[in-house]
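Down below are the structures I want you to see.
Common to both upcoming complexes is chain A, partnered first by chain B, then by chain C.
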Partner chain A sequence: MSALAYGVVGWLFLIGIYGVVSSRNLIHLVVCLSVAQSATDILLLEIGYRAGGHAPVFVGLPAHPGPAVDAVMQALALTDVVIGAAVTALLLALVVQVHKRAGTLDPDRLRATRD
Partner chain B sequence: MPLVASSSAVIPASVVVPLVGAALMAGFSGLLPRWVRDLIAIAVALATVTLTLILTAGSAGRPMIYWFSGWRPAGGMVIGIDYAVGPLGGGMASLAGLLVTAALVYCWRYFDSARGRYHALVLIFLAGSVDFCLTGDLFNLFVAFELVAVTAFGLTGYNAGHPAPLQGAINFAVTNSLGGMTVLMGVGLLYARTGSLNLAQIGQVLAGRHPDGLVVVAFALLAGGFLIKAAVVPFHFWLPDAYGSAPIPVCVLFAGVLSELGLFGLIRVWDTAFSGLAGGPGPRMRAVLLGLGIATAVVGAVMALAQTQLKRMLAFVTMSHLGIYLIGAGLLTSLGLAGASVLVIGDALAKSALFLGVGVVQHQRASVSEPKLRRRGRGLAVTGVTIVLGALVLADLPPFASSVGHALLVEAADQAGLPWLEIVIALTVALSSGAVLRAAGRIWLGWGAVESPSPDVGTADDSGDEAEDRPDTTENAAPDAAGAADGGPADGRTLAADGGREVRERSPQPARVPLTMMLPPLALLAIGLGLGLTPGLEASAAAAAASFSDRAVYAAQVLGTHGSTASASGAVIAAGSRAATLGGVLTDLSQVAVALGVAAVALDRRAIRLRRALAASTRWLRRLHSGLVGDQVSWLVAGLALLAALGGVALR
Partner chain C sequence: MSRRARLVLFAVAAAALAAALGVGLAGLPSFGAQLSAYARMLNELAPRQRHVTDVVSAVSFDYRGIDTLFEEFILLSAVAGISALLRPLSDETRRLPEDKAPDRTIPPPSPAVWLLAVFLSSLLLLTGVETVTHGQLTPGGGFQGGVILASGLYVVYLGTNYATAERFEPNALLEASDGLGASGYAFIGLLGLLAGASFLSNVVNLGVTGDAVSSGTIQLLNVVVGIEVAGGFAILVSEFLDQTAVVRTRQR
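For the complex of A and B:
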């Protein structure tokens, strides 16, 4: 189970980066970046996971609730989700502007900063 | 204890003040007239400078620790989040505040219609920078890292009417977001190994341990993220795209603060968390960091000399100097760190003055292309002097602050038994400053041939690349795409063709340079001069760096276990008195002379063959800077793999 989760992390990160590298469309590129980002969140949740642990909510528990999963890692993952949403929104706004100004979404055709 | 009470309020206030200011700007900008918004934003920035200066002075003796909501460590176990303020972090935060102030004053007349959003973004950028400099918590470090980054992405593409800044912003955002992800993964893995997010406690747990694979990977991920932000080779490709196309006041913030924060984060994490690892990883890590620093300094200097677009040239100059700071910090001695810190401050003032000077040229002449501006500097004499002086200060002209930092750095290299580093630094500094001086000579004096200095500028793959002046690049590069999309925005394009970005950003060519654009660069240079003349700058920098890089003392202060508080600062204070000596002044002056020589050769009509040969031999390097985000991410992944391999060798 654990090995599978770490495998998923590696797979998502690499497939996301592959998508960013090979993308011919900026919207596709931004989505691939979100895919890579989701690997980070899964890694954090996996680090905080405890077999049989309950959710880190400490209100209205039964008498012997057993261990809880690590709330710190969940807080980190939550923060990362928020940052990811902000970055994705900002990037998509920039992409809309690119389409307005340059008339293309293909990064290979948009070469305004080539040296 | 009134002093303690007031200082513990100052620490969080230095982040809260700019954040509240930003919220006011974002929320009420529509209700306030333009000048009120500008005044409030400038006042908030100045207040932040004052607060961080108080912190810098107050923490000179011993670090100031602040626990949020009073959650102090219990029995050596950290349960809260802390700010650990030292003079180095405080100084960096003050620098950020100073440059933000300059950028706000400058934009008073630079943007015709800067709405409240610009002020809000700049103030959030400042709050994030201060947070980054003060925090003692790894996750808080990550949050500040992202806060600074996201506002920077927005500022790069701010008000863009042209594809270049948009592409710069996208490249910047994609690469630095990946950097943020690697930092967060590193944070997570380090937490998995040590059970803490507090830097001091992580350092305590790792101290004396033999690093396993997990620690090595965590280090590589953290260092990779910070090095992406610091634009170190091979993570640097986004920097010229972003810095070379962002609005001028934003460039000032980027060149002076943004990338330096990446280096600051790297050294902070290394010193507090990793430096105590068993097996003496210091010397091998020094080799890794020095190698990266030298590569960055050389690539930046060579690329700067090959540029004819002034902002992009300054972007590469910035990058070259980042390499030099990494050389200084990478010596992993407190003297090296002291030298790098003083250089960061001294150079930031000069680089900002250069960017602001170029902004005046762009404002008045609607171009930043060196060949197009030939002889067109007449009437902008003050700006010409500003730019030449800025370039000379970057070449460590005494008695400016940069020369003090340079002297400390040279001293540190000598003490570390690596005196040849002095030659590397001198050469790269002379090349990058020489590039700026060459441009100044051509623009203000009309020197040099009419043709472009590096012949490959005119070749097929470069012809359309004056990003500022040739906004129709995409049409040349992609005729079919342009044809398909040309119907609607055609009039927008013709507008853009005579400088669309300028038209949108500010009114065309006023008769006189506004004082709010003329004075900030001169004021920044004057501050650099004043700092350089301040007696005891070397000693206090050395003491600050010593307390910054002493892991045991830092941990004892944060965790409240008052063990060994004997600081090593006494030993290094005596060292750095070289700047005042005749030898130090002569070294700096010869460096300035070499920079002038480089500019002279670059402008001399007789040296055309030499220049052609040099341009041909560096063409492959220029080709690598393709501006394609896919290429940049490929380099980034390769760099991460390299870093993991080198980190494995260095740590184990």
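For the complex of A and C:
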């Protein structure tokens, strides 16, 4: 079970980086970067998981049997998601301007900035 | 570098990275086996110590509150950076698209779409406020609720048109709420110093666990973060929308 759980993290990260390296479109590249970044979310949640655990919310609803999972990792995953969204938006804004200046989204056809 | 050389270089680097990742991940405790002592302690203590039922909020806004302060500032600087990047450049101008065929009027959105937009946006507003203000009780909080609030703006745009959506996004107000939310976090942190404790200490009355108003500064911080995130994401939406709708290259 461990091998599968942590294998997904390694695979997602590497496939995301592969997408960044081989991308022919800057928007695709930004999405690939989010894929690589989502590996960290999953890793954080997996580290904090406990078999049969429930969310670390202790309200008086119908009783949740068993232990709660790690709240610290969930808080870190939240931070990660927020920063990921901010970075993606910033990169997409850059892509918009690159397309205006260079007229292409293919990273291979971008030349060193003129004037 | 040619495409092929780049992929070969990647394959070598990825193999090394995969090996290092594999070793690192293999050293982790086995999946789902047990929690760290810190996590168990927080799950046990937070409800009693901070009068919350959602421990994640207590971690984000109290035990590790300073992390969230910086996270908020990262978000603020990202929004400021996007506003700077997407401003009309020297050879661009803001112009509403003009109607090229004045003899054929554009039909207004159908009443059904309009009604759905009104219904959905008010529902989103309500859900957003509920998520922000109940952060200490149930899953949610300022970040999640703020995004829900900002997405109300998308719905107004989808259901009507650009001009109407523009009226719903008073830019000065959005920018003010973005800044106020971010500085509000720091000011609530200063309350701790004023009370003679350390920065970001939870010095406000904690109330009764499970009440709508409880957990002291955790709830206050959730509200200011909600205001900041809602303002920030609404600015994001309107900046990207402006790029497609009104920012045009100036005619020579």
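Points worth noting:
By our rule, the second predicted complex is superposed on the first by the 107 of 115 C-alpha atoms of A that agree within 3 Å, B and C clash if a C-alpha of one lies under 4 Å from a C-alpha of the other, contacts with A are read in each partner's own complex, and residues count from 1 in each chain.
Just so we're on the same page, a residue touches a chain if its C-beta (ideal position, glycine included) is under 8 Å from a C-beta of that chain, and two chains touch if they have at least 3 such contacts.
Bear in mind the structure is a predicted one, so any value in this text is a computation, not a measurement.
In the superposition on chain A, contact is made by A:Val57 with chain C only, not with chain B. Once chain A of one complex is fitted onto chain A of the other, the partner contacts of A:Val87 extend to both chain B and chain C.
Contacts of A:Ala36 after superposition: chain B is touched, whereas chain C is not reached. Of the two partner chains, chain C is the only one touched by A:Leu78; chain B is not.
By the document's definition of touching, of the two partners only chain B reaches A:Leu110; chain C does not. In the overlay built on the shared chain, the residue A:Leu12 is in contact with neither chain B nor chain C. Comparing which residues of chain A touch chain B with which touch chain C, the overlap comprises 13, 17, 21-22, 47, 72-73, 79, 83, 86-87, 90, 94, 97, 100, 108.
Residue ranges on chain C touching chain A, taken from their complex, read 3, 6-7, 10, 14, 17-18, 21-22, 25-26, 28-36, 38-39, 42-43, 46-47, 53-56, 58-60, 64, 67-68, 71, 74-75, 78-79, 81-82, 85-86, 89, 137-139, 143, 210, 236, 239-240, 243.
Touching chain B in their complex are the following residues of chain A: 13, 17, 20-23, 26, 29, 33, 36-37, 39-40, 43-44, 47, 72-73, 76, 79-80, 83, 86-87, 90-91, 94-95, 97-98, 100-104, 106-115. Within the complex formed with chain C, the residues of chain A that make contact are 1-2, 5-6, 9-10, 13-14, 17-18, 21-22, 46-51, 53, 55-60, 67-75, 78-79, 82-83, 86-87, 89-90, 92-94, 96-97, 100, 108.
Contacts from chain B toward chain A in the complex involve residues 139, 143, 146, 150, 153-154, 157, 160-164, 166-171, 173-174, 177-178, 180-181, 184-185, 187-189, 191-192, 197, 240-241, 244-245, 303, 306-307, 312, 461-462, 465, 467, 473-474, 477-478, 481-482, 484-486, 489, 492, 496, 622-623, 625-630, 633-634, 637.
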